[in-house]
Structure formats: structure tokens, C-alpha cells
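Next up is a structure, given as C-alpha cells.
Order as written gives the chain letters A, B, C and D; numbering starts at 1 within each chain.
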Amino acid sequence: MPITIRYMAALRDRMGKSEDVMELPSGITDSDALTAHLQDLDPAAHALAHPSIRLILNDAIAPRPSPIRSGDTLAFCPPFTGG
Amino acid sequence: MPITIRYMAALRDRMGKSEDVMELPSGITDSDALTAHLQDLDPAAHALAHPSIRLILNDAIAPRPSPIRSGDTLAFCPPFTGG
Amino acid sequence: MTGISITVSHEKIRAGALLDQLTGADPECGGVASFTGQVRLEPGLVALELEHYPAVTENALQAIAETATRQWSLHQAVIHHRVGRMEIGETLVFVAATAPHRREALDAVGYMIDLLKTEAPFWKQVHTKDGSHWVEARDTDREAANYWTDQMTSEDA
Amino acid sequence: MTGISITVSHEKIRAGALLDQLTGADPECGGVASFTGQVRLEPGLVALELEHYPAVTENALQAIAETATRQWSLHQAVIHHRVGRMEIGETLVFVAATAPHRREALDAVGYMIDLLKTEAPFWKQVHTKDGSHWVEARDTDREAANYWTDQMTSEDA
């Protein structure tokens, strides 16, 4: 099963895409490891590692790092600016 | 010229009237002296001397004691309870 | 664009309509805060009756709104107070403030409602089936008003 | 009678109508507080565009309203947030609370508006004549949210 990675708001502009769908590489079991892997693929992904970035994992706000597995949807979120 | 004395809200019930119009007795120059004079006329007026009672003098909230003279309108007010 | 609107009236207060007059009216204002006070159900209560002191009450409300406007840089301040007889659930008072930022608008509304309870000449009478009595002033209301005046005094110092 | 109403929608927010749904509806509530946030004029701003994360945003707002309801014994809590594109002066968010007493209602509204700014997934984009940019989170908003959470933590301790 693939993992779906979403880039929200300013991170979507930074990454130049709203979503990646990929097979979860073996040995990657949490969001920090995935973030490092994404940086290997594309240097622009270093923005995902910024301490202000928050995670939404399968429709819930999740701490960093969070465990991930195949089938998950993980969204990288810039700080919220509603209201 | 007479002085007009108003009794507001609960003080109106206490005094059994809403207003007194009288000549200002000679020698009475402030609201404290007037309050003492009113107590001589009617013991119920001791309620006017309670520290919580506030004054409205000629359409403005006034400190206690306030100087008074003939022609004034002085209202004795229980604590305010609006809102 | 700044303004103060003070109304003391026997007419029913239409809180939503008053709020709508403030929203969207001023492009420099990010926030509109409001407080609507209504007659609460209490044991035996049939109606409330509010008495005021014409002109003096309006002037006192104006002074409260002016202080709030200065203190929190308001664009609009509204105090609308009903007098006369009103039933449970009816609106007794509507207070609102518009300001560039939310904290100023909310604090100004808190200040205005707290101050008008102790510093504007209104008197509240409770009518029950068995008779009527005047509402007594509450220590908590005086403390709420003192909170603001103490704070302003210490800021001035 | 308690309830929480959460709405995230592209539709225009009618603040006055929402307020009127809360006033007079509950005889045990003495007070209704509200905050209406609107798009403020800023240099070059043509429109704001709000993005959210469906379901997650609504759940976050629900959690904020539930915490406020517990903390301040609210009867009703309402958060109505608009998304999509909106022009200067249009209402972005409406927050309201009803409670037996005024201080609870006002504090709850302050809490809800402060928390939703940093704890609910919304992102704000500014459109100008010359292009668009994402609004950056402000330290003052984080501090405002922290004020409440620190206070609640110390009360729990």
C-alpha cells in the first residue's frame, strides 16, 4: 500500500505540488525518517523539517515525530493562521 | 427659592414619597447637613446617610458631601444596579 | 471613523440588527465584540423593571464609552440599555466595540458592561407573583468595576 | 440546554442573525458574548483567501468549543468560520458563547478566538494587485493562545 503525503498552503508552493503518493521505503517507520528521506529526493523538502511545521496524520493533528505505516495519509502543515 | 429633594428607587419606598420641595433652612450649606436635617424631620431618612447612598446634584453625579444652595435639585440614590 | 452611540429606551433591543450595523461598516476594523445581557429566569421572577435618571444616565454611559474609546483605541462604541418592564429572556442591555484588533474590542466590551453596572444610575426591581423588591447591589459587580479602574490607575502611574 | 455549533463554510457569515439565534433562546442565560472578525484593509490587499483541512478543522474547532464549554460552564458555544475568497470588510469568523454570567461568556469568547487562530488548521493567503503571499503566523497570536493554556494548566495543578 502506498503512503500519501500532502503539502499544505505555503509548503505546497515550496514543494511545487500538493501531494506525493509513494511506496513507503523499507526502514522508515516515523515522520522524522520520512522527512529526511524526502530531503534526499528533493532539497526543497528541508522546509518540512522546520520546527514550526505541524502534522496531520489520517485526519487528526499528530505530534512530531509520529509513527507511520503504509496506507497512511500524512500532511505537512505550516503554522495555522485562521481567524 | 426652594430646594427639590428626590428619593430614588428603594429610597422612594423607604421615604414613602418620591420628592420633597422645601425652603433650604438657613445654615445648611451641604448635603450632609441636609441629610441630618431630613432625619430630624423623619427618622426614616437615616437611610439617606448610609455610606452606599450616592448623590445626583442638578443632573450630575456628585460626591458626598456636596455644597448645596437654594434652587438645587438633589437626588439620593441607592447603589446602581443596571446591566 | 470613530463614534459613540448611547441609547436608553423603553423599546425592545434588537441585538442582531445592532451588531450588523457595526460589522463590515469599517474596513480598518478587524474585530467587533459584543455583549448582550438578558433577563434571566430566577425563582419566582415574573418580570424585571428598570428605572433610570434621564440625562444623567445617558451622560454616565457616554463617559464610560469615551473612556473605553480612549483606553482601547476603539473605532465604534455602542451602549444600548433598555428601561421599563421586561420579561424573562428579553434583552436588557447591548454593548459593543469595534477595534483594529480583537483583544482591544473584547476588553473594551468587558470594561463597558462592568462599569455601567455600578457607575450609571439604573435601578432594577424584581416583580414576582407575591410582590416586588429592589435588587441589591452585589459586591462582585463592584469588584469587577474596581478591577478595571485599578488597572487604569496603575497604568497611568 | 447546552450545545455546540461548528460551521466551516464558503457562505457569507450573517453575524447578526447568528447572534439573534442565541439571544432570548435560553431563560437561564444572562449573557451572550460574541466576537466577529472581518477582513481588514491593509496596504495593497485586494482579497483574503482561507484554506482549511476538511474534517480536521471542524474537529479542532469542536475540541476548542468543548474545552470552553467545560471551563466556563457555557450553555451554547458557536464557532462559524468562513473559507475561500473574501473581500475587505467581509466577516471571516463569528464566535459566541452564552452563559449564566457575563464574565464567563466574555472569557470563553476570548479563549475560542485566541485558540482557533493557532490550533485549528486554517491558512490565510493575501491577494494583492501584484500577486499573492501566505500570511505568516504571529508571535502575538501564539502568546495569546499560551496565555489561556498556561492559565488552565496552573488551575489544574
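Worth a mention:
In this section, contacts are C-beta pairs under 8 Å (C-beta built on N, C-alpha and C of every residue); 3 or more make two chains touch, one makes a residue touch a chain.
For clarity, every value in this text was computed on a predicted model and none was experimentally measured.
Separation of subunit B from subunit C in touch steps, taking the shortest path, is 1. The most distant chain from subunit C is A, comparing centres defined as mean Cα coordinates.
Centre-to-centre spacing of subunit A and subunit B amounts to 75 Å, using the average Cα coordinate of each chain. Centroid to centroid, with C-alpha atoms defining each point, subunit C and subunit D lie 23 Å apart.
Separating the centre of subunit B from that of subunit D, both taken as means of CA atoms, is a distance of 49 Å. Subunit B has no residue in contact with two or more other chains. Shown for subunit D are the residues that touch two or more other chains, namely 37, 113. Taken pairwise by the contact criterion, the protein chains link up end to end in a single open path, with no chain closing the loop.
Going by the touch rule set out above, the chain pairs that meet are A-D, B-C, C-D. Looking at the complex, you find that subunit C touches subunit D at residues 14-20, 22-38, 40-41, 88-91, 100, 102-103, 105-106, 109-110, 113-114, 144. Remark: subunit C residues 37, 50-53, 55-56, 59-60, 81, 92-93, 113, 116-125, 134-137, 141 touch subunit B in the complex.
Those residues of subunit A whose C-beta lies close enough to touch subunit D in the complex are 8-10, 13, 52, 54, 56, 59-61, 75, 77-83.
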